[in-house]
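Dropping the structures in below, format is structure tokens.
What follows is a pair of complexes built around chain A, which joins chain B in one and chain C in the other.
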Partner chain A sequence: MQNAKDTFYVMLQSRLTALNPSRTIVVRGVVRPGTLVEENELPSAWIPVDTFRLQWTELQVNSAGPLPLVSMGCSIQYVTDGSSGNGGMDRGRLLAAMDAELASALGAEPHTIPKMNYSAAGDGVAPTTMGTNVFWADPVFNAATAIGERLVRTTTVQVLAYQEAGEL
Partner chain B sequence: MSTTTTGAAVVASVAPVTRRVRAYFAPVNRSTGVPTLFDAAQLGRFDLHEPPSPWVDLGWVSRFVRKCGTKVEALRAGAPAMTVGQVRTEVEATVSLEFETWGKLQVTLASGSQQTNLLTAAAGATPNGSGGVAAAPVPLLTGTGPASTATSLNVGTAAAAGFRVGSLVAVDVDYTGQLGYVGTGVSSAYVQSSSAVGGDVNYVRRVTLNVGEVAAITAGTLELASALPAGAPTAGMQVSQLVGFCDREGASFFQEWSGLFVMPGEQGDRILFHYPRLQAMQGSVETEEALATPLERIRLAGAFRALPVKDANDGETVLCFRSYLPAALRVV
Partner chain C sequence: MSDLVSATGAAARAADVLLRAMGGRTVMLRMPAPAVPSDVTEQLGIATPAFQDIALGPVVYRKARAAVAEGKAAKWELLVSATVVAGLVGSLTYASASVLFAAAYGVLSDDELLEIEAATQEQVFGQPYVYRLVLRAPLEQMI
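Here is the complex of A and B:
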């Protein structure tokens, strides 16, 4: 399951970065693409703005077939205060831009990618390609909410993959 | 040089998972009854966005349902009667689907009968349900300027002034008394007598599927947004403008086409359903999909019955072919 989560995250980060390379975030002093998985970061009450934050939520495993079919809920939350130069009056536009980027990234073909194993990957060590694909359903964009002057949207997408023999 | 091929792990086979179905069209030669056959062994892995000629992309379809109407009966003998064998008493297959787009081809196939182009009417034409008497067609020039192709129509500078970017055009031969199937590229109607069509010189252009849209006009040449289905115009073809399409409940013609439906699997596998001969089994039907009150999306609904062909491999008479191409390195 972790391989599927990692694969989906890397795919989404890659596609979003290609669409808007200037969307970045500084995490622990390092400039990174503006997409992160919350459970992979240090716990913090700070909510980064103008960034896609992934949370893995529900999990279902259907073991009826020869390979268990794993279905995972992925919640993607993004918030914006607008830009200070515009006094926050462009927060609707910035949210719409993030909506469009996410819709484009998840809607682009292919809707399936080979599952990768990143457990041993690192500097100079490439991830290994596994035998099955990760695929996902259409995203569901939930209603935007306003918290003060901040706009928040949570989009959910169902990510599916087969659990391969020996995979943990 | 090593000749060793490294072995790779083989993964268990799983049931295909697909999200949608893509449909493709190819003509049936109605005069000879010869359909277009799709060879999954040679072409099964084609790029879904670039179907091999002569297949034409119909786009994604929804609510794709195949039904098998084949009946298998028990053959009984003795007393008491016991089943000693089985026989097929009836063989039938149908397909129903909804098109996601309203292109000329989709509207035609879903209409189930001949589908007319609403040709721009001549001034003062008497009103008629499928369009009044059409304006005079525009000839394609030969020997003056570039030759017309599947994507550019040389009508000359003077005639080009009568077109604009966005004009819809039908390109086909004049009606001069032909009987039987008419329409270049795809048989689009059947003429029983010249009098039935009023000897209308524009009748073939009124029913043809050889239509396009003008994307640009350059020095007397109409540049089309996409290639004409029948390819480069032949001698004698003329151009008529049209404003849209029309079909009628109760018309007598049966459209027939070769159909191919592809389900791309999420694991790299692929299911292909090939029906060499499909005929519409219902009239014009639409379905409504509620979007958000009061908006509704209207989809073209088509239902088709398969007609038989002979498989050249063994002479069996069959209605459809289902092919499965497994993903790489799967247990088979």
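Here is the complex of A and C:
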């Protein structure tokens, strides 16, 4: 299931970057696309704004078929304070822009991609393609909440994949 | 007179003297190595960064006792010399002190790694003379 999580994240990051290349985040001095998986980063009390933060939540394994079907919940949280130059008055518009980007990235066809194994990938080494696919359902956008001047929205999406033999 | 105070960093030096007089000590600022550009394995948690401990002193805990609330981790306030922070920002080529503290993994104090929850600065004539860090104990020590 780790391969499915990695594959989904890389797919989502590449689609979001293609939609809006200017959405970036600085992580340890390096500019990266503005999408990250919280469990893969250093723990921090700071919440990055205008960034898509993925959290893996529910997990179900259905062993009825020839290959176990793994269903994972992916919670995507994003917050915005608006632009300081606009006094934060554009925070609603910035949240709407992030909603649109996420809806477009997750709604774009195909809803499936080949599962990749990144465990041996690295400098100059490409990930290996596995035998099954990762696919996902339509996202569910939860109600936005306001914490002071900050707008927060959490979107959930169900990610499914078959667990291949010997796979972690 | 104000120009003289501003230009010579007298306030920062006075703060350093006060920090030392109040029992100024040294803690370690734990910094992760810079991220590797376009390295997907680091974003996937496969490759992990190396860490470097950098001495930070003189510093003083504002209160000897931590602020403790039920259901929350203990918190401390640490006053840090602006002179040493300015030196670190320059030598580590960070854009500002806030970026330095945001990039830091935590503060190692008496073999305990405390997370930096907030970093603010006190200024005189636009020049910081002391930094105030709010530190949080590890969550596993939450009461």
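Following the convention adopted for this analysis, the second predicted complex is superposed on the first by the 168 of 168 C-alpha atoms of A that agree within 3 Å, B and C clash if a C-alpha of one lies under 4 Å from a C-alpha of the other, contacts with A are read in each partner's own complex, and residues count from 1 in each chain.
Definition applied: a residue touches a chain if its C-beta (ideal position, glycine included) is under 8 Å from a C-beta of that chain, and two chains touch if they have at least 3 such contacts.
Fair warning: this is a prediction, and the values are worked out from it, not measured in the lab.
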Exercise for the section: Kindly say whether there is room for both chain B and chain C on chain A in the superposition, answering fit or clash. Expected result: fit
Exercise for the section: Go through the superposed model and pick first if A:66 touches only chain B, second if only chain C, both, or neither. Expected result: first
Exercise for the section: Applying the touch criterion given at the start, work out whether A:148 contacts chain B, chain C, both or neither, answering first, second, both or neither. Expected result: neither
Handout entry: chain B versus chain C as contact partner of A:112, first or second or both or neither
Key = first
Practice task
Report for A:85: first if it touches chain B alone, second if chain C alone, otherwise both or neither.
Solution key: neither
Practice task
With both structures superposed, pick whichever of chain B and chain C touches the larger number of chain A residues.
Solution key: C
Exercise for the section: State whether A:30 touches chain B only (first), chain C only (second), both chains, or neither. Expected result: second
Exercise for the section: Check the residue A:43 against both partner chains and state whether it touches chain B (first), chain C (second), both, or neither. Expected result: second
Exercise for the section: For the superposed three-chain arrangement, provide the angle chain B-chain A-chain C between C-alpha centres, rounded in steps of 10 degrees. Expected result: 160
Problem - Distance in angstrom between the closest Cα atoms of chain C and chain B, superposition on A - result: 24
Practice task
Share the list of chain A residues that count as touching for chain B in one structure and for chain C in the other.
Solution key: none
Problem - Contact footprint of chain C on chain A as seen in their complex - result: 6, 9-10, 13, 26-32, 36-37, 39-46, 118-119, 121-123
Fill in the blank from the handout: In the complex, the residues of chain B that touch chain A are 9-15, 17, 19, 266-268, 329
Practice task
Using the touch definition up top, name the residues of chain A that touch chain B in the complex.
Solution key: 65-67, 69, 111-112, 131-133, 135, 137, 160, 162, 164-165
Handout entry: Of all residues in chain C, those that touch chain A in their complex
Key = 32-37, 39-41, 43-47, 49, 94, 99, 102-103, 105, 115-118, 136
